[in-house]
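What follows is a set of structures for review.
What follows is subunit A paired twice: with subunit B in the first complex and subunit C in the second.
What follows is the complex of A and B.
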């Protein structure tokens, strides 16, 4: 790589004024909502101690609302905090949530599954330019080099159906779709090569279950994969159980996954989990015309049927 | 009465997940009609194809099945009205996932066999058994099952380079 190319790569995608204008819009709205008593809490982000990081934060007073930020470090999908898995948050009346486009898809999915009610929620949508990737150097500004893989192919920069949109989408360059290319590469492989690819990845899995913990759709009170007597999926981090776990996870998210790629970000072993989810989303779109979107759908593709569904694979 | 037995080098293990109302009765009919079909198939009975979880299929593969048959009522004949319609979508998706992970789909057969179709049961089971026999045992899942612990590869090119660099 030549020096010029490197320079091009690290050119910031957006100027820093964009981030501060979004931050200001979120703060103003959160302050208004909290001081008028319209909501009891605002779920958002506040700056982390290291520069370039941010953590999920729940503001319950106008003073705390002044601490909310939006930066490229705001990687988390906050929809997670509204699910059954994190019960204590939503209980105390109406809450507001800061949502990027991909988080918005997760919120829509949860509403479709009757986990949330739109009227109990104030959504502060963010006109999002993208966030850092899992292994990005956070001291650099958001650039083509540091942006998350999912953001390269984002189709929901501007949120829709929200109560307030914070900021406006800046002009963004067209980035190459890395993940789509990787998916196409895998699809072109022979089954044996794919098996080798995935077993190599799955054998690294340590079963920390971070992918399950960060997934807004993994809200079951008891995971099927944790049950023994009878045991469905082995719980120890052995290759056999790992493979089964990741296949089952892919299956349980098929037709539900919002594509926020939090599983991939949270994975300490860098397993490309979102490839599985994307593949399933793509297949279900082909088979049943279903796509995760911003509008809540009442039923997912695997929760309904048509009498004339394809059955060419059944004898 | 009995057909002549042929000795084969490889007898595949076939697991059949069947619904109790149609395919189980169909298999029963094949038996009572004294039709011959390979004894390689182990039948596991479920209330409905809608009860057959993809996990069962994975588990069977891991525990040594070489081929799997999932069979139930024809669409519209489900005892529970819509169980097989839901199963049809689920398995259509599951097949795609397995294919993406790299499992040979020829080892996984789906069929609709009604209670009156003893002949079709024999046909489906025979065909699957012969196909799997020709394909040989399913090694992939068995190898995984045998790997006792974390199997991080220790012969990567990078490591080889590092070994060579040691004076």
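What follows is the complex of A and C.
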């Protein structure tokens, strides 16, 4: 690689003024919402101890609202904190949430599944330029090199249907769709090659369940895969149970997954889980013309029956 | 005279050990990561990166079968696993934060129950430690009383030299034996200078002060504050060199199957779920509290040690940015 090419990769995608203007807009709105008593908590991000990092934060006072930030380190999908899985946060009363476009899709999905009510929520949408990938060097600015794979193909930079939009979407270059390319590469494989690809990845799974725990749609109070009387899926981190777990996860999210790719980001073993999610989404689109989007839909194709459903698989 | 070994000879040592039938485990490329894995040859050894998971699995595997059963015509046959069959193992290029862990865990695995699986592996393993010359902003070994040049826990310890190769120090008798047995691969260190050790950042922690706070703060709003964010996964515990909780499951069919012991994590909602359905740690705040208490209070009360070597893996891996060093800093300043 030549020096020029290296430089192109590391050129900041947006100038630093963008981040501070989004941050200021979030702070102002959060402060207003908390001072007026309109909400009792604002779910957003604050800066972490390590440079370039940010973490989910629940601000309950105007002072805490001043600590909220938006930076390329704001990787989390905060919709997680509105699910049944995080009952403690909902107890705080009416809340506001900072949401990127991909997070909004998750909120819409949760509303469709009757987990959330729009009127009980204040949404501070972010005009998002993208966030860091899991392995990005956070001492560098957001660039083609450091941006998350999902953000390279983002179609929801500008949030829709929100109560307020923080910042405005800057001009962004077209980035090559790495994940789509990877999916195409997998699809071009023979089943045996593809099986080898996944077998290798699943062999490293430690069953820490981070993929499940960060997923806004994994809100079942009793996960089938945790059952032991009788056991549904082997819980031991071994090839059979690991494979079964990831297949169950992928299937259960088919038509529901909002594509935030949190499962993949959270995986400490670098398993490219979003490829499975995307493959399922693609199948659902081809079979049922269904896509998880911004508008809440009451039922997904796998939760309803229609006379004209494809039945060619019944032999 | 101090000894040294060239990188080439270190790799040759691995080749030789493998040839002699030892299991050699060291940092190896695994997809996008480095993991401590069995090495088939010296050339597989990766010297530049901290493995994603700790070295504890060499003694305490992620999952191991502890018995198998099969139903035959003469009833159920139960087969125990014989730990005497575990192979002689050399753990090579182990970072000080990983090498220090087994010395901490020995206490619990030989306490009220002698864990033969752990102990047999421990007895049969020699550890070749490797000093760190670079640290990242998650590393904090120096804050918990260790250092990038800490030899504690290693049998043989390697320190990178400025001109290439490593200075070799025998820390234990096991190390002396390795040195003597493969003396042809080691040379005289001469005047070569070691590379300066890494300098992990972060304030030093006063662990006695932290423990005193934990002694007095079983109930504290801090636990809820962290629990509000905690997603309840096991990434922190599974990457930790000192976390050692496990679960036992019988898996298989009526005809045959196995009893397996696998890593467990106190962050999981069902970790302390009783058969009755009662769960004494029924909320995440109680579970995170246990994580901290176990590491810096309970283990200290029982064994006079703490369950943290400052490797920073939990800090790097936490999907919701919970930073144990920041939590400890906060407690330290209270």
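Going forward, the second predicted complex is superposed on the first by the 315 of 315 C-alpha atoms of A that agree within 3 Å, B and C clash if a C-alpha of one lies under 4 Å from a C-alpha of the other, contacts with A are read in each partner's own complex, and residues count from 1 in each chain.
Here, a contact is a pair of C-beta atoms (placed from the backbone, for glycine too) under 8 Å apart; a residue touches a chain by one contact, two chains touch by 3 or more.
As the structure is a computational prediction, the values presented were derived from the model and not from experiment.
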First (subunit B), second (subunit C), both or neither touched by A:120: neither
Partner chain(s) touched by A:283 [first = subunit B, second = subunit C, both, neither]: first
Which of subunit B and subunit C A:38 touches, first, second, both or neither: neither
Which superposed partner A:237 touches (first subunit B, second subunit C, both, neither): both
Contacts of A:55 with subunit B and subunit C, given as first, second, both or neither: second
Contacts of A:178 with subunit B and subunit C, given as first, second, both or neither: neither
Contacts of A:15 with subunit B and subunit C, given as first, second, both or neither: neither
Which superposed partner A:200 touches (first subunit B, second subunit C, both, neither): both
Shared subunit A contacts, counted only where both subunit B and subunit C touch the same residue: 200, 204, 206, 237-238
Partner subunit A, residues of subunit C touching it in the complex: 30-33, 35, 52-53, 62-63, 137-138, 224, 227-229, 231-235, 237-239, 247, 249, 251, 260, 262-263, 265, 268, 270, 283-285, 315, 317, 319-323, 325-326, 329
Interfacial residue positions of subunit A with respect to subunit B in the complex: 186-187, 191-200, 203-204, 206, 224, 232-233, 237-240, 243-244, 247-248, 250-251, 254-255, 276, 279-280, 283-284, 287-288, 301-303, 305-307, 309-311, 313-315
Subunit B residues within the subunit A interface of the complex: 53-56, 58-59, 62, 75-76, 82, 85-86, 88-104, 109-112, 124, 140-141, 144-145, 147-153
Residues of subunit A defined as touching subunit C within the complex: 48-51, 53-58, 76, 80-81, 85-86, 88-89, 135, 200-201, 204, 206-210, 212-214, 226, 228, 231, 234-238, 241, 262, 265-266, 268-270
